[in-house]
Amino acid sequence: DTVLRTVPSSDLKILDPIWTTANITRNHGLMIYDTLFGMDEKGAIKPQMVEKYTASPDNKVWTFTLRPGLKFHDGAPVTAQDVIASLARWAKRDTLGQKMYEAMDSITAEGPNGFRMTFKQPFGVVLDALGKPNPLVPFIMPRRVAETPADKQIEEMVGSGPFTLAKADFRPGDRVIYRKNAAYVPRKDSPSGLAGGKVVNVDRVEWVLLRDPQTQVNALLNGEVDMLEGVPASGYTDMRTNPKIELVDVMPAGPFTAIYNHKVPPFNNPKALKAAMLAINQEAMLRAQATFRDFYKPCASIYLCGSMYSSDKTGFFTGKPQFEEARKLLKESGYDGKPVVILLPGDAPALNKMPAVYGQLLKQVGFNVDVQTTDWATLVTRRTKKDLPENGGWNVFITFWGGVDASNPISYGPLTGNGDKGFFGWPTDPELEALKSRFIETTDLAQRKDIATQIQLRVLEGGVIAPLGEGKAPTAVRRGVVSGLLPSPAVLYWNVRKN
Amino acid sequence: MTSISPPVDTTTAAPRSHRKPSLLSRVFANGAVRTGSVLLCLMVVLAVAAPWLYTIDPNAMDPANSHLSPGAHAEFTTLAGDSFQRFFPMGTDSMGRDIWSRTAYGARISLSVGVAVALGSIALGMLVGMVAGYFRRLDGTIMRVMDGVMAIPGILFAIVLVAVWRPSLWTVILAIVVPETPRVARLVRSVVLSVREEPYVEAAIALDTPAWKLMLRHILPNTVAPLIVQGTFVCAAAMLAEAVMSFLGIGLPSDVPTWGNIMSEGRAYFTSHPSTVLLPGVFLAATVLAVNMLGDGLRDALDPKFNKRGS
Amino acid sequence: MERTSFSTTPPAAVSPCLVVRDLCIDLPQGADRPHAVSGVSFDVMPGQVVCLLGESGSGKSVIAQAVMGLLPDALKPSGGRIEVLGENVLAADAAHLRAWRGARMAMVFQEPMTALNPVMRCGAQVDEMLAEHTALGAAERRQKVLAIFARVKLPEPERIYDAYPHQLSGGQRQRIVIAIALILRPALLICDEPTTALDVTTQAEILSLIREMQQENGTAVLFITHDFGVVADIADHVVVLQLGRQVESGPKDDVLRRPKEPYTRMLLDAVPRLEPAQRPPIADAPPLLDARGVTKTYRSGSWPGKRRTVHAATDVSLQLRAGETVGIVGESGSGKSTVARCIARLIEPTGGEVWVPHLEAQHAPRARLSAFRRMVQVVFQDPNRSLNPRRTVGQSIIEGPVNFGLSPDKAWKRAEELMDLVRLKPEVLHRYPSEFSGGQRQRLCIARALACEPQVLIADEAVSALDVSVQDQILKLLAEIQQRLSIGILFITHDLRVASQICDRLIVMHQGRIVEQGTARDVLLSPREAYTRSLLAAAPGQGYAFGQG
Amino acid sequence: MLNFLLRRGLATVPVLLIVAVIVFLLLRMTPGDPAAAIAGDGATVQDIERIRAQLGLDAPVVSQFFGWLGHVLRGDLGYSYFYKMSVTELIGQRLEPTLSVAALTVVLTVLIAVPLGVLAASRRGGRLDRFIMSASVLGFSVPVFVAGYLMIWLFSMQLGWLPSQGYNRIGEGVGPWLRNLVLPCVTLAVMYAALIARVTRAAVSEALTEDYVRTARAKGISERRMLIRHALANAAVPIATIIGLSVAGLIGGVVVTETIYAIPGLGQLTVDAVLSRDYPLIQGITLFFSLVYVVVNLLVDLSYLLLDPRIRY
């Protein structure tokens, strides 16, 4: 038996991939479930469970045929009914899915292997929805499982994916053991990202949870585990020089962003907000958080630098400190000296340094700063509160966003201008929302790019988010032992070999 | 037989009790006490004189100069843009802060945490223990509650309290005080129960001494010696507990330098930069050691059991 | 009655079993005197009992320990010689000493309650001696142990072999200790106050047992006691010590009847007589205090533990008049202290009441307890623990008067006057209890009680812990105070000699009940109850006329 | 005896109830709610509200408490919010590692600490005593994570003798089980041995001042026998007490060691549960810990029966 032992980025707690947006649950879904479509290395959506599909010229009618011979882990064949039930459940939760189902007229089975979607209005992003790599991914489950109400967690772990998970193999907080699904028939084409043939080359994949970064490094160096999904910045020195270790660039980088609360002083005042953004020193903040140059890259664009829509037109925002200007603006804003509360998630090693540095920077500008350490669970609750900071609210928090999502204005969660309905911080900017609508409607790439740049300028001008630069964690494997990792938004375990 | 004044009599007192050396000199005769207090004094000096001991602002950072080794010279540029040459006796941490300055200022916090927890848990435990020991009717109830508190793992308390209020010095102190209190309460209660049976307490009752005076004058002073000893142990334990809380990410925010903080900051770099953990660790261990030695020594010196004559 | 069946002058051919010559043992730096003992010389012949006599702290135990080679580290022998069977103990190494201990010389200690290992069975504790010093097999050893148990008159040796010490009475435990000491038939037996903690009746039995065993084996005995009665009963030879120096030594009758030294004479004079003293009759006034049917049942153990009840006092009635001294005697655990506490209202009796005629009418019920406290004061047994060690004696003494409303200044004045009464200097009020001797502390306790100007004084074993000479002073002091202030005294003691000297009336208690009461003369000279008679019969040194040659 | 057990059993009820109330209240005072944590990073306020309602967190605290208590009385500790597993099952999964660590540590500790404590007591004030005591003070002056890292660095990374992390179930063989336990247990033993050695020393030196030891000396028995059969036997009660406390502590409070050595024990489960606000799990674990505490105390009390014949219940 070849057993691949790998350290996941966090603890897998919830097994229902429709129930939570947690990345780790998505990764779990990718192990045991299959998807209709998959996104390849280049970002193109390719069929996966689907053998062939057609779209009417007006994009109103879509038909799909499943590959023959698809089987769930319990041996039952995958039918159109299973697909319809799974998509229905997914669409209740996923935003894009909701949009799709709103536009949809019907979805019907055509024989055991085919199904058809008809839309009330043209809907161009069907494939983007069905081949979505990021949570929530439309995984295909057996009908009986998919009929679980969307607000209840599923109980049964039966999919049709390349790995299986037995109940006893799920030991939360310790390890999760996936076994090769011998009955899985991969596509014939070569693998690329989430698309192509998912050929499993190991008998077992064990996700071994190691919380302590030092422990992770030790375990890998000692050969007790075969790979780390993400190398902690702290272990980089040890890894880079060690001949036994190979660092592979698998996952794309993602941006760090500062989110301001537009509801309460001082950041309900545009001048104070601008002052705060001018205090940002991306280099210093990134360096403190990620330590090594290879792990981070300053980037003033709100989109991932180098991605399709990124642009260097960033207006006043440069990512470098402009203290003079900031001080002036702060004075003009009539800031009353009340402490600015920055939330720092003490138990999240990937995010726990930036807020401290940002606090120091804001002090330079003249803000009175209160960096409050909380645990992550408190932070995610607290950020939903619109109260004044002294009543349990907040002013600033810093978050990290997946690179794929952050590459276009629609999937980038925090880019909202619809006030209370929008992302935490609740900025109000109808213009921004209008631009976003135009972006969806437009199909011309050049125009889209232009709109994206306009969005970027609006976002920066209005302080919807402040880009703090990007960071990433390479994956580390034992050199000569593990090979075949596929670049993708998530670490994938098919195609991986262990000698 | 007629006179009632035999020779030894109306002389001044104390013809026999070999003049006991004063308590203080007795205590200081103990080697552990001496070593402990000297070491502790050094730490107190470090804490008080931190600003004058070649330190810079413990929060001043230059991420470009992160992880300098101990003894490095570097050009340090603060976030404000000022730059200066500096020698870093203990190197810098992952955010480019001077570890020596943080350690020196950290002494203030760590020592305060230790002392405050010791005082707090003793004050609280004393109150509870006295009430339980003296008012027998409340005893059962109070001690059951104390049992309950003891039965809850301290770490749970710590996390929950820190989450309820945010991590500040006072929360951290309270989070360590609460689990320590029942132990102190038990100690005090047992002393009260045994002292209550002392003839001099009975005599005081016979003299119609009111309850509060009885407590204050006759019972309370007896708890002092064991409590001092207990206090030193609590103090030492508190400094370690603070470090562990920092380790779990629920300690004081990192802009409040404490030894625990500094070490947990550096722990992820233990193999590559062990000094970031070990150097502050030496300070912590030395202080805890000093306090423990003081406690041990005091116990030996204050315990009447070992001062009584051998036979 | 003398027991001198044994020859006091052994034949010269027999060499002494123990020789002590010019023994000098240093005290550590800072002690009140340089030597624990100095210049002590005596011999103990086989079959002879030599008594070491002296006040507390005079060095008796130190000598015993030195002979056993068990001196604490703080004490260093600096001169002289100790020879046991011709070998020098002071020069011997640890291995030799260990081999000699138990086999050649053995020791019986004062406290039978604590001298035995509480977690080891009695049989095993004796067996240890055989296992360590002989090569006998297990069965043989057991036989021997059972035999010695029978010899020391332990009932049911088989049962006791498997019993733990706490399952035995004090007397039985002391028999076990004696069995341990004698099972290897050592040449020398050292007894350090072996009976002080025991009842008179048990004491008498143990003393005769020691005597018997000694005669049987021809053992040499070094016997330490401060009780002159015991000396009179058991000694052949007496050595008198004072502050570590040997004052006088010689055959018992020479020393006890015709002492040469004034110190010895002073001690002898202080020994109370067993015959009741003549006391002036008490006026037939209404009682100050009238206890009626006082009953006390202790309930100990709280839920969820097991409850136990002890009937410590049952239906005890007594009266006390002004100027009168009523004694309560009885063996340990008979309920004397319980009665005292009930009467002083330090504990609430379970039944009965304490009637104080003139308080009932005067005060509102709430103020009554306070008035009662003022009227009734207690002096406790243990002078060392009766004063708060952390307060100056002055503070302790004025506490009562201040509680009763006197200003601290006035209270202090009164305390100074009282110092005169108890024959201490007023300056001592500023000192701490640790700076006083036991006798002085007891006087301070009396002063504290008197400071409240009580009409009733309850003295619970107030002199039991003291040396005869000091005891004598305190008793005289009490008598004098009673005469001056005409207070009623309830005097609790287990010592019949003391009781006979100061009591007008005597109450004998046994197992929580009064078995007999009457005037001291009646009870002591013509006891009606069998229990009283056995108590009297057991008193040591009866009929020995101390200091009257 | 049976009677005693019965009464002790009853006496635990109030303790457990107090614990339940304290923890319940503490949790409900805590900001951060499980719904937000469950919903994940990209969730909206509406999502969170929906999950809250589903978990019944919008009901009044009192009714939540009695609802939960009712279930507990029926032996049902409820389901974890996150794992979709029953709390009992989750605790069950973690029990073996935790008990293994606790058991091995205690055995190790007692084997080291008691002899050292006795030795120190017998040389009280001497050089050996001072050395042992200083070493033991040092033992608990070092934060446990530092000790752990040093141990791993030396024995695992440099010498390669032992694995640096992980846990093998005992079902996979005693050898592998033991290999993984050695380092964590030694790390913990350093601290607990220090504690127990000190208590042993204090108890034995106190016993050495007792009269029965003097009697034993006068018997001329060997030093060893005196120390063990007389002094140590009488010091057993406080030593048993501290061992009991250590066991309770080892079962509930070795989070740091578990983190460093990646042992899937109860301490980790506790921290995870608290950090994610998994209320039923936290409540279940606390109740379990209190039960352990009470049972350990009971066992300690029962051990007194063996150690000291004077004690009768």
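In this document, chain identifiers A, B, C and D correspond to the written order of the chains, with residue numbering beginning at 1 in each.
Note that a contact is a pair of C-beta atoms (placed from the backbone, for glycine too) under 8 Å apart; a residue touches a chain by one contact, two chains touch by 3 or more.
For clarity, every value in this text was computed on a predicted model and none was experimentally measured.
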item	value
Partner chains shared by subunit C and subunit D (touch criterion as defined above)	B
CA centroid of subunit B to CA centroid of subunit D, Å	23
Whole-Å separation of chain centres (CA-atom averages), subunit A against subunit D	39
Whole-Å gap separating subunit A and subunit C, where each centre is the average of the chain's CA atoms	87
Distance from the mean Cα position of subunit B to that of subunit A, given in whole angstrom	47
Residue numbers of subunit D (touch at least two other chains)	30-32, 149, 157, 214, 259, 275
Residue list for subunit C, restricted to those that touch at least two other chains	303
Set of subunit B residues in contact with two or more other chains	159, 163, 248, 267, 270-271, 310-311
All touching chain pairs, where touch follows the definition stated at the start	A-B, A-D, B-C, B-D, C-D
Residues of subunit D that touch subunit A when the two form their complex	30-34, 36-43, 45, 48, 50-51, 54, 82-85, 90, 93-94, 149, 152, 156-157, 160, 163-167, 259-262, 264, 268-269, 272, 275-277
Contacting residues of subunit A [partner subunit D, same complex]	11, 13-16, 19-23, 25, 135, 151-153, 155, 171-175, 208-212, 214-215, 218-219, 221-222, 224, 347, 374-382, 384, 392, 399, 413
Subunit B-touching residues of subunit A, taken from the complex the two chains share	212-214, 217-218, 232, 234-235, 237-238, 281, 283-288, 291, 321, 323, 344, 346-349, 352-353, 356-357, 359-361, 364, 371-375, 377-378
Subunit B - residues contacting subunit A, complex	59, 61-64, 66-67, 79-81, 94-96, 159, 162-163, 166-167, 248-255, 267-273
Complex contacts: residues of subunit D adjacent to subunit B	14-16, 18-19, 22-23, 26-27, 29-32, 130, 133-134, 137-138, 140-146, 149, 153, 157, 198, 202, 205-206, 209, 214, 252-253, 255-256, 259, 267, 270-271, 274-275, 282, 286, 289-290, 293-294
